[in-house]
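Each of the next two complexes has subunit A plus one other chain: subunit B in the first, subunit C in the second.
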Partner chain A sequence: MVVERDLRMFLQYKFLIILRTIWFVAQIGFFGLIASRMVVPDLADIYFEYYIAGVIIMMLYSASVFIGYDIFEEAEHGVFEYLLSLPVSRRELVFGRSIGGGIRSFIFVGPLIAISLFIIGLANPLNFLIAFSALFLFAFGVSGMSITIAVGLKSSDRFDILMGALNAVIVRLSTTMYPQAFVQDANQAYAALTNFNPVTFASDLFRWGVGIEKYLTMSPMPLAAIIGLVIFFSAFTFVGVTFYERRLEGGGWK
Partner chain B sequence: MRAILHVVEHDFQNFFRYKWWLAGLISMNLADLFIMALVYNQMVHPDIARQIVSYFSFFAPGVTVIGLFASAYMIGREINMEVRREIHHYMLSLPITRLELAIGRLLAGGLRGMMYMSPLLLTTFLILGFPTVPQLFVILGALFLLATGISGLSIATAVSTTSLEKFITARGLVYYVLFFCSSIFYPLSLIQTLGQEGIMPQPIVVLAELNPLSSGTDLIRSFLMGTPTFSFYMIRNLVIFSAIFTTTAMFAYMKIIERR
Partner chain C sequence: MPIIRTIGLTKRYEDLVAVDQLNLSIEEGEIFGLLGPNGAGKTTTVLMLSTVVKPTEGTAFVGEQDIKKNPDDVRKLIGICFQEPKILWVSTPWDVLNWHAKVCGLSTAERKKRVKQVLEDVNMWDSRQKNVHGLSGGMRKRVEISKVLIQRPRIAFIDEPTAQIDVVGKHKIWNMIRELRDEGSTIILATNELHEADMLSDRVAIMHKGKLLVCDTPKTLKDGILGGDMVEIRLEKEVTQKSLEELKNFREVVDVIAVNPNNLRVYLNKVEEVVPQIMKLFLKKHLPISSINMSEPSLDDVFVHYTGLTIEEAEHKSPSRWKH
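Coming up: the complex of A and B.
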């Protein structure tokens, strides 16, 4: 029930879906296409496809984060009290929200994944299925992270800014836009952070799933990336749920 | 004149209320420059690297223009909010003529963009070297034209709709088309080459050439990096863009908010 409600709420944000679709088209139609002509010959052959896969993960990340904004909206309009009065345990409520946040981001990104598969192609359907299933962990984990931060901060302004800054850093310090080898050449510290970034795990996994295996960061694939995502998912879903549950009592979210 | 200054002052006070938003924006701009551009430095094809010195240097003026655009466009969001909450009735009741009000808001939007952009421009100077005094005046003048034009574009969009969603969607469309279809991220010559090869449609190439963001960015590059070569077309594009959107915004603001 909680998951279903969050899915219905997301479909109300039609403008957001339109906006993100425009962004996707601009990213691949302009940046991806032009940048693939700008990079070194060794990378140029695959960069367009490599970049499309990265854009999909960026979209999945930003759609999963959106659940945090819903929480602030509900707190502002007094919907929170109503939700707490329902015959649903706190744990079920929070867990349902995390799962709902992840699933709805998949519904949003699903058609874009289909477009990207049409452009990139699909080398091995089984690999893709494994990667696709594991990416749910990524989406649930990001939703859990967003809920944890939203409840921890209590201010929609601060949340908005922190998520913007976090998005800027977490996406750029990952392999969504460029392979790890080039990050390593640019800066050792950046490279170290890139290695432990869940966005890197998800990007690598998606690329492995669609058959872009050159320039993968993690080894052995897909095990290394899946383990990374399981740790990320567990940390932010279960720890986040516990944290959220405690905050909910006695009006702690206000 | 006094009335215009009052309006500008009012909008500047509003601007400082968004200090956290501005902090977030600047962190994104700096992440683009100090992370993304540094990594792309390693990835750029040697032939292109020879044309642009280094991607990091090439992108610094681009980040300056991105910052200018985002902050100058903010005035539209405030005006759209005023229209939705009917605060514009109060604005219209002030002892200020409609024209003064419109000019004040347009100027405030542009000046706020200039103020936000200043630290980014200074960072660009520190990376690429300082221009001569006449060049500095040309750069500041050109960026002011760009900022008022963007402010005008934003105001014209904001008063055209009472829906925040439609405004945000229109803003997104303008942002992405103008940003990605410009020389902010890649040299204009690369887009032109793709056009000649038939990969990029010709209207897109023309849009990139006439795009005021391309002109503003390339003007800074021409003075600080020597490439591309300075051309009066850059100034012409900015003057035309600014003239069209400041005029449109003034008339739209005066006429539409009276009707609502």
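Coming up: the complex of A and C.
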């Protein structure tokens, strides 16, 4: 029921959904196509596919983060108090919201994934199904992280700034846009951070799922990435519950 | 055994003490009025009892469950009608109430039946498919109170139930609150409308600046004000000094003001017992009475008696509203 509510809320943002779709089309139709010409001609097509997969994960990340903004809107309207008064445990509430945030991201990203599959193709449906399922954990984890940060900060301005900065760091220090080998060449420390980034796990899994694992961080068997996403999801669901209880019931929203 | 018992319940927001050492007992099946101006601590008390906000000190037992130790169990017993309607997502009254009923565990058949019934009762059936953001403040408030009426919780917290609602609607909602009580719910009514508290409450607690000033039945509180009743007597002849003195000698009479020789204003206690004796006195003195008007004190007078301020004055002096 908590999930249902969050899904309904997301469908209000029609304008946002249209804008993000235009952004996706522009990123792959202009930027991806042109930027891929900058790499070695033989690899241009491969990089283009690589880039499309990266953009999908970026879209999934940003759509999953959006639930944090809903939290501020709810705080502003006092809807938090209503949600906290319902006969639902805090654990169920946060878990439901993480799941709701994740599912709605998939509803948004789903058609874009279909477009990317049309362009990239699908080598192994079973691999894709495994990767697709693991990406749900990624989306739930990012929603949990967004909820945790939102209720931890209790300030929409600070949240906005922090999420902007976090987005810049977490996406750039991952393999969404460039293969691990090139990060390694650029800087060892960057490469080390990239290896422990959930966005890297998600990007690599998606590429493995669609069969373009040539430039992956990990070995072809994506167990490490799946374990990484399970840890990421579990940690933020647990932290989210704790923060929800401690921070929200204390009051003091700005 | 009271259904709600607070023990030194306190909530502080930095320097502001929103609720200060509140000790209350609320019996099962009563309508309990929590009365006071805005900023008195009523809403914070409701939020603590409903486990939305954690107390800084003290605790409370709601249906024998400790709000600090067993908040999940407490929430299964309660329902809240908030002061401000809590309807965020763009939806319709039907969707909002249907979702609420679903979360509260009502079966599909029961849910549909109750949502329809309550929407009809609050005159919102025709507007059930309108966008909630297009509804007037009064209509949204009716949707808010419908949540509790559909849920029928064991303990219902109702905060300012008739704010922004017209007179006819007010009476209808008052009757629905009484019906909810008659069906077995205990009702905690937080309001700054003294007349509303007087009309509905079996007992009232008056709060001011986070503290509990007094708690009893409205009648006991009103009767407790010395000289709170007032009788205005018009005589056909001028009153004599001797009669005036005899009138002042009644034990229940606190003060007598002669507005003019034919018109007396008498401040007294237990008006219903004393007035027959006053009439008897004037008849004996051959001073025929042309008219007699009696007025009882209201809860406004009780509030003035305990705080020295009218509720409007108290609201102006209250600290600015805090955010939760």
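Operating definition for what follows: the second predicted complex is superposed on the first by the 245 of 254 C-alpha atoms of A that agree within 3 Å, B and C clash if a C-alpha of one lies under 4 Å from a C-alpha of the other, contacts with A are read in each partner's own complex, and residues count from 1 in each chain.
In this text, a contact is a pair of C-beta atoms (placed from the backbone, for glycine too) under 8 Å apart; a residue touches a chain by one contact, two chains touch by 3 or more.
Predicted, not measured: the structure shown is a model, and the values here were computed from it.
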| item | value |
| --- | --- |
| Partner chain(s) touched by A:Leu84 [first = subunit B, second = subunit C, both, neither] | second |
| Which superposed partner A:Phe182 touches (first subunit B, second subunit C, both, neither) | first |
| Touching partner for A:Glu74 - first (subunit B), second (subunit C), both, neither | second |
| Comparing the two partners subunit B and subunit C, which touches a greater set of residues in subunit A | B |
| Partner chain(s) touched by A:Asp157 [first = subunit B, second = subunit C, both, neither] | first |
| Contacts of A:Ile46 with subunit B and subunit C, given as first, second, both or neither | neither |
| Touching partner for A:Ala168 - first (subunit B), second (subunit C), both, neither | first |
| Which of subunit B and subunit C A:Glu4 touches, first, second, both or neither | second |
| Partner chain(s) touched by A:Ala139 [first = subunit B, second = subunit C, both, neither] | neither |
| On subunit A, the residue positions that both subunit B and subunit C contact, one per complex | none |
| Parts of subunit C lying in touch with subunit A, wherever the complex brings them together | 13, 47, 50-54, 72, 75-76, 78, 80, 82, 84, 86-91, 95, 99, 102-105, 322-324 |
| Subunit A to subunit B touching residues, read off their complex | 14-15, 18-19, 22-23, 26-27, 29-31, 33-35, 37-41, 43-44, 157-158, 160-162, 164-165, 167-169, 172-173, 177-178, 182-183, 185-187, 190 |
| Residue numbers on subunit B that touch subunit A, as the complex places them | 20-21, 23-25, 27-28, 31-32, 35-36, 38-46, 48, 165-166, 168-169, 172-173, 176-177, 179-181, 185-186, 190-191, 193-194, 199-200, 204 |
| Subunit A to subunit C touching residues, read off their complex | 1-2, 4-5, 8-9, 12, 73-74, 77-79, 81-82, 84-90, 249-254 |
